[in-house]
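Look at the two complexes coming up: subunit A is in both, with subunit B in one and subunit C in the other.
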Partner chain A sequence: MSPETTTAVEVPAGTDREFFLELEERLVRAGAVRECAARRQAMYRVPREGFVALLRELIETFGGRLATVTGVDVRDGTELIYHVCFDRARFTANLKILLPGSADQMESITPWLPGAEFIEREIHDLLGVDFPGHPRMERLVLSDDWPEGVYPLRRGFRKEDARPPSVEET
Partner chain B sequence: MSWRLWTLRKSLFVYHANVGACNNCDIEIVELLTPAYDVERFGIVLVGSPRHADALLVTGVCTRQAEPRLKELYRATAKPCVVVCVGSCALAQGVFADGYHVGHPVDEVIRSVDPEAIIAYVPGCPPKPEAMILGVVKVWQKLAELGRARPAPAVQPAVGVSTT
Partner chain C sequence: MRVTVDRPVLPLGPFHPLQEEPECYRLQVDGERVVDMDLRISYNHRGIEELSTRRTFDQVPYLVERVCGICSASHPLAYIQAVETICGCQVPLRAQYLRTLVVELERIHSHLLWVGLAGHFLGYNTVFMWAWRYREPVMEILEKVTGSRCAYANAKIGGVRRDIPNEMFGEIGEQVGAMAGPTEMLTHAVMDDPVLHARLKGVAVLTEQDARRWCVTGPTARGSGVPIDARRDDPYDAYDRIEWKVVTRPAGDVQAKAEVRLLETLEAIEIVKKVLRDCPDGEIDIHVEEVPPGEAIGHVEAPRGETFHYVRSDGGRCPVRHKIRAPSYVNVPSFRASCIGQHLADVTIALAAVDPCYSCTERMAVLRDAPGGGELLDAATLQRLSVERTRWFERQLGVTPFDARWGPRFQELRS
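Right after this comes the complex of A and B.
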């Protein structure tokens, strides 16, 4: 579906209609634009300003559950996609935030959502996104001998930047 | 050496090392122990410490993090120790070859510690339990060969000693 479908509100199949309209109204008020929708889920592009407050409201007021966060290195910067499930209404909102250029910083949500700790640490390891406010930003998934400042899931990554030591050295 | 190799032909104590497997090979190894195959009838027992092991059963592509640990495991085993690589990953890194998290192939890692190590390979993704049993049988055949090729033990077992 094209991004223009935002104006005509159509409820994704299988989703509770009343809840969805209420949720969509709140998202649009926060400046979100629906990019596409499928059965029981939709993708929104959300402005970065005030996003954390919006996410907190979705979780605490709307009864959402943060399934996970996805990080993608795209042409214009780094994208974070927060997947929020509303189980009772059978709906998943995928909220996409663009961190432009090399300003890879996103406010940490771990202080009020402890379950996000490992997610943010993994994204920091693999994509180099900084999460100011994170209580324990340490290495999580990469090996101990991995060089600092090399992020394997960035598009510019070359294996030569992080050659493993020879088999005799380890 | 030959009598020490000969001891391995009896009950084989196995230590299982997962150095980055997806758990599929490990499930097949569990299958080996369950009543369907029940390798304990051949005397093959899983043990909880490399110190007790006659054989090191390695599954998984050896990750960078696991590489020094695998070396340490091999050093900790009593020698002679047979290494059995199970699954495509342990053999040749499988689909993970060239990944950023991958170290060196398992056999290279073992050989860097002990160039003389006896290494068996069981291919498959995951290998069938029958294939693993075949792998162990081949290890036993190889050990018998090596045992014959080496000189007989200096001390012959005493004959005619009463056991009462």
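Right after this comes the complex of A and C.
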């Protein structure tokens, strides 16, 4: 779907019209493409370049609230979906960026949004995405003796890899 | 966290003495004051997100209602909302009202549970006993309308599983209405009690700015003057058909959060009454044949805050990805904004102020002898065993038996 066609789609039912058009205009300017829209929510595919600055603007200027971030292991790499709720305007924007498999790295947003600290640590634990700039990138979900480089939410995860080393090996 | 001799670390956990869940707060203290803290969770990670992708769409609600024993109506509802958005289906009106009824009953029992626990953390056990006693009728109503005190298995994709006969509405309304009095009494007890004021006012303040920076939700946000509530901001089920108001308090301290919860309980009682008054007749579900490819989010205002679910479907039988974000996940880290600089004695209630999630699944079990059907351990046997155990300890420790020492004194007091 091209950006031209996305602007033609009508406002999701129940969302504040003026706010939505302004937000959509900003997102399209950043190169976002709307994939689907339903009742008071929409899914956008957003380019990785300049994403953090865009997110910061959505939260600080548009009054968004970061609900959470979802990490998905897909065929072409890792998808991160930033769920931003605009409570007053009754709208949730889901911003999807693709990290190609070879570069599982995304700039951390924790330095200016402490509420993202836990979710970035969790995605790092479970999917192996690096968040350069994160102030406390320590284990959160996995135990301290979990083997390095084994990520349980990746498609290729095998239970055998997560076994603690045997007595002979140690 | 840099640990030095004059700034030691005091671990609260991983087996917390008050909160029945494994979690570890590492408090760095300077004398009696907390100067830094770190938190470790996931000692009991259950891998529900991954497990969910191996269940069919219809089985997942039973799985996610076990995320939390208290929010066990909210989690399935958030998931079901997401799936219904993918399907684009319209749920019958009666089902929407019945869903609202159960989540509001859940809110009443969860908030009263918190008030009781808050009293317990403060050493004010009268509040604990009152609150839990007044909470009990709600559990009984929930058992009556859903068949269970927790894990209700009430909502399903396309509607609800069980109807509630209209004849029961009067009885439920009466019982819930009767709770308004005790709840008001508790509210006044908290708002006007000078002892509670001394322990709660100005303690562990989470400012509005910090509340927004830490992305908190629910009573934790509303107690800091951030007026967000998924029931109003993304109205689902019957919430845009009945009148109710969002309760906020600007102070941001523990007192404000307690007030928000108590006033919300009163508001929930009113919502339940209105739901029972307005609930229309009709179908309770629609048949959903299959879930098409797509993705959507669902959020529900659980008692503790917004429960957020994201579901992706590829048109198969199971979700491809299911992300669950429970409210405590965003509320708990805000301790770092509210607890630092506090006295150690105030930290227990400050940590409890966001209502970190417990499970209320424990109930008394009666073991029965399979062939005979008789109770293996009845009340008299349990009491006898308890007395025998006390006697055994007394003999082992060589202390004077309790009755011999205190019996005459009790007799004297009774007469």
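Convention: the second predicted complex is superposed on the first by the 157 of 170 C-alpha atoms of A that agree within 3 Å, B and C clash if a C-alpha of one lies under 4 Å from a C-alpha of the other, contacts with A are read in each partner's own complex, and residues count from 1 in each chain.
Methods note: a contact is a pair of C-beta atoms (placed from the backbone, for glycine too) under 8 Å apart; a residue touches a chain by one contact, two chains touch by 3 or more.
Predicted model only: the values in this text are computed from it and were never measured.
Counting residues of subunit A touched by each partner, subunit B versus subunit C, the larger count belongs to C.
After overlaying the two complexes on the shared chain, residue contacts for A:Pro152 are found with subunit B and with subunit C alike. Looking at the shared chain after the overlay, A:Ala53 reaches neither subunit B nor subunit C.
Shared-chain residue A:Phe118: touches subunit C; no touch with subunit B. Once chain A of one complex is fitted onto chain A of the other, the partner contacts of A:Leu21 are absent, as it touches neither subunit B nor subunit C.
Residue contacts after overlaying the shared chain place A:Ala162 against subunit B, while subunit C stays out of touching range.
Comparing the two complexes, residues 142, 152 of subunit A contact subunit B in one case and subunit C in the other. Contact residues of subunit A toward subunit C in the complex are 14, 36, 38-41, 43, 65-68, 70, 72, 81, 83, 85, 87-88, 90, 92, 94, 113-119, 136, 140-142, 152-153.
Those residues of subunit B whose C-beta lies close enough to touch subunit A in the complex are 63-65, 67-68, 71, 98, 100-104, 108-109, 112. Residues 38, 40-42, 45, 47, 49-50, 85-86, 88, 212-216, 228, 233-235, 294-297, 299, 306, 308, 310, 312, 320-321, 323, 325, 329-330, 333-334, 336-337 of subunit C touch subunit A in their complex.
Subunit A contributes residues 142-146, 152, 157, 159, 162, 164, 167-168, 170 to its touches with subunit B in the complex.
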